[in-house]
Structure formats: C-alpha cells, structure tokens
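By written order: A, B, C and D. Residues from 1 in each chain.
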Amino acid sequence: MNFRTDLALESTEPAKQVRTEQDGCVLTRIDEDGGTYVTMEVQAISDHIDSNDSLLKLVASELEALLPKEGMILAAGLGNRSVTPDALGPLVAEEVLATRYIKGELARVTGLEGLRPVAVISPGVLGCTGMEAFEVLRAVVGEIKPAAVVAVDALAARSPSRLGCTVQLSSAGISPGSGVGNSRPRIDRKTLGVPVVSMGIPTVVDAATLAADLLGREGPQDKIAPRGASMMVTPREVDLIIKRGARLIAMGINRAVNPSLSVEEFEELT
Amino acid sequence: MNFRTDLALESTEPAKQVRTEQDGCVLTRIDEDGGTYVTMEVQAISDHIDSNDSLLKLVASELEALLPKEGMILAAGLGNRSVTPDALGPLVAEEVLATRYIKGELARVTGLEGLRPVAVISPGVLGCTGMEAFEVLRAVVGEIKPAAVVAVDALAARSPSRLGCTVQLSSAGISPGSGVGNSRPRIDRKTLGVPVVSMGIPTVVDAATLAADLLGREGPQDKIAPRGASMMVTPREVDLIIKRGARLIAMGINRAVNPSLSVEEFEELT
Amino acid sequence: MNFRTDLALESTEPAKQVRTEQDGCVLTRIDEDGGTYVTMEVQAISDHIDSNDSLLKLVASELEALLPKEGMILAAGLGNRSVTPDALGPLVAEEVLATRYIKGELARVTGLEGLRPVAVISPGVLGCTGMEAFEVLRAVVGEIKPAAVVAVDALAARSPSRLGCTVQLSSAGISPGSGVGNSRPRIDRKTLGVPVVSMGIPTVVDAATLAADLLGREGPQDKIAPRGASMMVTPREVDLIIKRGARLIAMGINRAVNPSLSVEEFEELT
Amino acid sequence: MNFRTDLALESTEPAKQVRTEQDGCVLTRIDEDGGTYVTMEVQAISDHIDSNDSLLKLVASELEALLPKEGMILAAGLGNRSVTPDALGPLVAEEVLATRYIKGELARVTGLEGLRPVAVISPGVLGCTGMEAFEVLRAVVGEIKPAAVVAVDALAARSPSRLGCTVQLSSAGISPGSGVGNSRPRIDRKTLGVPVVSMGIPTVVDAATLAADLLGREGPQDKIAPRGASMMVTPREVDLIIKRGARLIAMGINRAVNPSLSVEEFEELT
C-alpha cells in the first residue's frame, strides 16, 4: 500500500527518530540516506510572531545549523501561487528580505551595512512556466553563485492531525510535488552543485492516502479520484494555515541569515 | 449515520427524481416539501462562456422559471471570501451586474434603458461581521423591497465526483453552511417575506462524510477531525473550479434577469 | 477655483485650528459646523504596530473620546475593494474584530467574556451593488440598532505630502467619495439616527486639484481629465500605504472599543 | 526639461513617424537607432476579446513580424506584481500559455501536438528578489536557449490621454523602469544574446512630468515629490486598465506564436 507523505516523521521507522521536547514543541531528528531531517510539531502556528517567539527561535536556529556560515543564500519559494494549498513557497518568497543588492552607498544610507546577502526567487511550476523549478534554479544558481539554497515547499502528510502545525527542515533537498503524486526533478546538492536545505509545512493529505489509512487497503477510485481528478483533504481554514506558516518560515529564514535585524525590522523592510 | 450534503440529488430517494438529458447535461427535477430542486450535472464547467453556451442557457432558463416575471432582484453572494472553497457566493456577487441605479439620464446616456433592476450584496459571515447573513439580508430586503432574492452559496456534496460540475437551483431557500455542519438561520420566503431562489455548486465533501462512505460507519475522530478541526475533501484545482462556477452562475443570473444584454456586454459592464 | 479635499486641515482657515505635538505626531483639532475634526500627521505609518505604538494609542484614544461609552459599535468599511486607492475601508473591515456574536457559552469557552459588541460591514459602492452605502447602512442600523457607527473611507487630499501619513477622525459624519468628485448621500447622525464617527487616510490627490495648485488656475481638461477620465495623483507605493493605514485604523477601532485585548490578540482573532 | 516617457511616439520627432489608421486604431511606425517601434492607439481596450477582435489581430500580427519564424519563445513579465500600476508584466505572464513541456505523450493525449514551444517567467524586481530582472533572464536564456524573448512591462507616458489605450511593440529591447525614473540594466539583443521584442502599455504619468507639462518648467519638489516620494498620475480605474491590457497582450503573444489555437482555447488552457 502506498501512503504518500513528504514527512520523514511518517515514513521512517520510529527507532531512527530522536525526539525531544522544548517550549511546547516536539522536536524530532532523523538521519537517513546521508541527510538530516528535523521536524518541529506544535499545537498551532501563531498569527503574531516577534523576535522572542520560541518556535521562531527554534526554526531559525535549526536552519542556521544546516546552512554554511558565510556566503549568499538563495531562498526559493516552490509551488503554485494560484493553488491555495500549494502557495506556501511563493508566499514565503514575498516575506524573505532580499539583501543582495543592499550594499555600498545604499547600505550606508539605510544603515543596513554588513548584512549577509540574500536573493529570492519563485521559480513557478511546470504547467505555468513551461520550465521545471529545477531548471530555473539551476540557471539562477549558475548566474549568482550562492553559497546555499533554501527551498520552501508545501508538503503532503499522511495524518490530517499534522496539517498546519508541523515544520520540517532537511539537508537532503526536495522533490517538489512528491507528496502529492506529481513528482518533479530533485532539487538537492547533487543537482544544483551547492548545499540545499528544504523547509516545508504539510498543508494537505492525499485523499487516496486517507482512504487507505481508514480502510487498511486501497480505496475505490471513483470515490477518491473521480475521473482522475486528484482529491485532497485539507482543513477548512487552509488559507489561514498557509498565511501563518509562510510568515513563520520567512521570518525563520530572515533571522537565521541576518540575526542582527528583528522581526519588526524585517516587516518594515519587506 | 449522518451524511452531510446540500444536494437534494443526494438526499432524496431516486423515485422522487425526474431525470432528463440535453446537450450533454443531466437535468434532475425534485419536488419536495413544497420546494423545487433542479440539478444540472456536466462533465466540467468551461472557463469560456458566451451567450450561446448550452449550460449557461439552461441555468438562465431554469432560474428565470423560478423567479417572478417582474420587479427588482436582490442577488446575495453568501459565504466567506477569504476561505477558498467558501468564496463562490462573494465571487458571483462581483460579476452580477447591478442595474438598480441605472435609470433616467444615466440609462439614456449609456443606452441601458429598460433594464430590470438588480441589486447585489455580499452579506459576509457571522465570524467576520458579527451578523448572520440572514440579518443583513432581512435588513436590506426591508430597505429596498426586491421582488425576489437569489441567494448563491458554495455547497457540500456527499460524493467527490460531483464537486465543481453540478449546479443546483431551488425555490426552497437555503440554510447557509448546512452542508458543512455549521448551519445558520434559514434564508427563505418565510423568513425574508419575498421569494428566495438558491443557487450553488458543491465545492467540498466533508471528510467525515467521505470516511463514513468508505467505511460504512462513522470514521475515527482523530483522523477526520483532529483536535476538532473540520477537514474537507476538495479537488486540488478548487480555486479554478470556483472561478469557473462563479462566472457561470453570475452570467446565469445576469441573463435570466436581463436577457437583452449578451455575456460580452455583461463582461464590459461589471 | 475648486480644490477638492476631504481634510478639514486643508479646507478650514488656520485660525480655527489648534495644533499640538506629541511623540513625533502633529495633532490638529478643528471645531466647525457643530462637528469636531481631529487630524494626526506623522512621518509615515509603520508596518508593524503593537499595543504600545504611540500613534495607535493616539488614534484609539481620540476615537474613544468621540464614541459613546457603552453599547454596540457598527464599523463600516466604505469604498471599493477592487479600486486600489479606494480599498482602505474594505481592508479595515477585514481587520476589525466582530464581537457581537461572542456571548454566552462561546464567550465562556474562548475566555472572551465581557467584550463590547462590535458588528462589521463593507456596504460596497453604488456601481457594484446598485445601492448607496447609505441605504445599506440605514438598513443594517435599523436591524441591529448599534449605539454608534464608525465609518472608514479613503480620503482625497489637496497636498501630495499628506498622502498616507495623515489620519483624520470626525464626529461630523462623511459624504463618501466627496473628495474625489463623486459625492454620495451623507452618512451622519442626522441620516442614520445614531452618532457617526468617520475615520480616514488620504490616498489620492485629484489631478485637477494638483494642476490648479501648480498653475494658480484651472488646468487644461485634455491633460488632467482626457475623455472625461478622472486622473488621480498617488504615491507609487499606494498599495503599501493602504495596507499599513488599514491596519492602523482597524487596530485603532479594536483598541478603542475593547481595550482589554492587545494588538496580538486581535491579530490572532481576526 | 526632462519629460519621462517610455513611448517612442512621445520622444521622437513627428517627421520620423509614419501613421496609418485601420479599424478605429491609429498605428504609428518609427525606426530609430536600429530598432522598430510600433504603437497602436485605440479609444479603450475591451474587456472581452475573442479571436476576431481587430486590435488583438493587429497586436498579434505586428508581434509575429518582429519575432523569428521558428524556435522557442521566452515570455517575460517584468515589474512588481504587488504595485498596482507595475503589475502588467506579471499579470501577462499568468495568461500566456506555456507550451514548452507539452510534447510527446502529453501532446498526443491532449491533442496539442505541433505547438511552438513557449516558456514563461516573471523575474520580479530588484527590491524583492535581490536580482536584476536582467540577471534572471540572462540565466534562464542560457539554460533553455530560446529563439527570442518577449519582454512585457508597464510603461510611463508623458500624456495622461494615452494611459491604458496605447500598446507599444519594439525590437529595440527595454530598460525596465526607465519611464518611471528607476532605470535598470537594459534587456535587449546585445545583453541577452537573442532577439528581444518588448511590449507594453502606459499605466502612469510621472507627476514631475505632468507638472512640467502644465507649467512649462520644473515643478516645485515639495508638491510633486514630497520627502522624495515619487508621485504618479494614473486613472482612477487603473486596476481595470491593467487587467484588460494584460489580457490583450497575453492573447497577442499566444496568438502570434500559436495561431492554431483560439482565444477560447487559450483561456481554457491557462
């Protein structure tokens, strides 16, 4: 039986998982296939975060640990902005502060000297651009030569209880859309030539996966994928979940890369 | 077992249903509790419709049959614009041409004389406005005294195969949110004092309903409503389905009430 | 010569104006025609505000002084959500917390007991709804009988330097669209039967007004209103100005009416 | 005196302009600096266009004449999606059909065989991405090697009467933001290595330009650029103008490159 999930937490045997808890957040570490997966589970992601938010601090510090200490970061918001549960990446891209062009006179005038350079891109999806996200990223990486890429994407979970309240970071890269059965070329260190850290939040459960979980076997196609349409299970408030998740991840990236600025300052500047 | 559905097609015994087919559309009529329900099922709703579109003609003529021949129409787009699968009504409201103020000099200058008056409102939802949609409608009906109300809302279906490709009209009024388990005061002739025709398209299946359908019994709460969050099943392309459905319903209302204008003219004027 | 402006600051003789300054904000009070106008001018409205923001505190306290001490408040977001510089009111409506329905069991469970009731409405504009904003408000006021109405609208200024950095409150009500030459029925205590406090931020300068200001006489029609189209002058970053202004005003209303909740709590709840 | 304009029509001496008229559209050709500029002026751009729309046919045929006969086209939507008058390019990108990935089995199954390949990108703006649009385009051009680039951008005009009703095509490439005084590295054949056709519609007049036009000299800084903020003049209905213009240009590109598909088919497919 095939359960679709992008969460290492759901696809790895428990014996490989190291769980700790801090500040109401369950943190799980998994090392597999040469990659590290870190998952943070909370009750709910808050709508209002400041620099002292404990989940934000955790996300920023875990991300920082996976990134090189120096050099430009390219933040890539994967997914389709026009498809609600897939819009996480593009929304994150809107809130990450691009600092790569803030230098020289501009940096002096604005008081933003000494920032670590960040570039931001939303590469779009194949159906809208005619290009794999991977192709766009490979091109841009070749052009601006970042020290690392942070690739953000909405994820699929197996369990509905994880939707909107789980954050996964990984050094193993990402296959966009893998959890939703529409897998694209892998984006990782091997294919891009620079370290790739992936970040994501589960926003949907594949209906076929829920059916299999309920039935203990494959569900009837006509009920879970009528006329081939893929059905997904998602919380009614998915728009809200994505808005909050995007903000958390964007601020996590901002603070991990440029800890000298506060959440308030990033808000003013983006 | 409780299957949530807003479709008479799914809640009425087949013996009461009269089915016909025309132009690739299955039309079902049901008379129940003094109300008429008309359902149109198609393969998919098109993105491009003109005045000759057969489904549009059907929607417009069925709606016309349920409306009084004369007098002002109040079109009400129910639901929450910020919740994707619930945004059908508010999106319809944006595309219905409000003609109530086009009279006298303005009508002469624009060549829009002799139009039947239409007013349009999106009453919002209780959580955002602090008012029941019913309260806002009752107030506005008292103020402008329309001959009838057309109330549009996103619906819940029992079967995923009906999502986005079924249109229901009814003379029985509507209980907003009933299909999604969040029922609000009924909006109908009795409560508003004028005839109410409801129109809708199913956009979600309640996850509990899908689970019960698959299992033949209630599903486990933790899987289908973790922490009380209500999960819904919806096609991945729900944004698209709603956009297309909103356009069809809005043009159906426009053409039913003011058949002298073409789809192209309504597009230019809204 | 006709200079269009909605700001009492620009239309009243200086002798009638009482100016003070506090916390970097110039506050001007004007009493005219039995109404009070309060204007707050700052360098720029911040993107990030918390409960200690000095401008927010000022807005909330000035609003509180103009409102009755008790009873339900109806917050009305005037204007057209689809016209960028006119979207201030509708955006404010999205961020004002509607508390009217939070009572009894719901209040106890959520810990939101003892809140002052607030209802929220965006009445839309005549061209989209076929109804004057005034008609919708009169209907709703009759239905829910609030103690007062707070009516928010985007304003027109005479001077470009005031765009996006001036907040005006008034007890004199409002004529929606007056500053932009498209005046609608007045919304005030006389027409609605309850006290009306208006709030607004200037987002545009009428191009004819700028031309007259530059030339000292009426400008040439073909340059400032070609083919009758009305041109406006607005900052390039008008989208940002409106977003920030909407947030400030919404939180000003929230805090004036329910000071027991913090900005963070209002953010979580809307 | 410096009049900002992106329209060759406004910056070239009349003697160099060849004007013709057809179907209510004034067509002007200008050859300058080795580049061709074609301008089409109409009364207004329609909201509803089909394959027989005369302006659409003109735009498509003029574009076709400037493009190579064969090979992949990269359509680039320049500008900032979040700044209303600058959103033309990104909106066009949403409506251009990306066909580059429709080949082999997918082409056979969908009946979309033999289409000319098109890729689409919105490179964003420096302040949001930290990268010049030019850098992103150079990277992507290097990666996918198109036969030509079509670069779409909102333009600045000198005369308000041209806003929203003028389309300019050019083989000379484009300096994004040049008309609005924020010029970026040039995007043309020389810098990208492949032919670049630019397309645009004027959406703003720089306030300093309008002031200079009215006064016959530079206007006072405090009135037209208070605190350095750049003011622009734009029609009240700029959102509508951009929506209509984006659709016209997108369909112009679609039809120029893949004339076997109708406007209706492009609508269904994007």
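By definition in this document, contacts are C-beta pairs under 8 Å (C-beta built on N, C-alpha and C of every residue); 3 or more make two chains touch, one makes a residue touch a chain.
For clarity, every value in this text was computed on a predicted model and none was experimentally measured.
*Asks:* Shared touching chains for chain C and chain D?
*Replies:* Chains touching both chain C and chain D: A, B.
*Asks:* Show which chains lie in contact with chain A and also with chain D.
*Replies:* For chain A paired with chain D, the chains in contact with each are B, C, in label order.
*Asks:* Any idea how many Å lie between the Cα centroids of chain A and chain B?
*Replies:* Whole-Å distance between the two chain centres: 36.
*Asks:* What is the distance, in whole Å, between the centres of chain B and chain C, each centre taken as the mean of its C-alpha atoms?
*Replies:* Measuring from centre to centre gives 33 Å for this pair.
*Asks:* Determine the centre-to-centre distance between chain B and chain D, using the mean Cα coordinates as centres, and give it in whole Å.
*Replies:* 38
*Asks:* On chain B, where are the residues touching two or more other chains?
*Replies:* Only 82 qualify.
*Asks:* If each chain is a dot and touching chains are joined, what shape do you get: line, ring, star, complete or other?
*Replies:* Per interface graph, the chains form a complete graph.
*Asks:* For chain A, which residues count as touching chain D in their complex?
*Replies:* Per the touch definition, chain A meets chain D at residues 82, 94, 98-101, 117-122, 124, 126-131, 135-136, 138-140, 142-144.
*Asks:* Which of the residues in chain B come into contact with chain D in the complex?
*Replies:* 46-48, 263-264, 267-268
*Asks:* Residue numbers of chain C touching chain D in their complex, please.
*Replies:* These residues of chain C touch chain D: 43, 82-86, 159-161, 163, 180, 205, 207, 210-211, 213-215, 219-220, 222-224, 226-227, 229-239.
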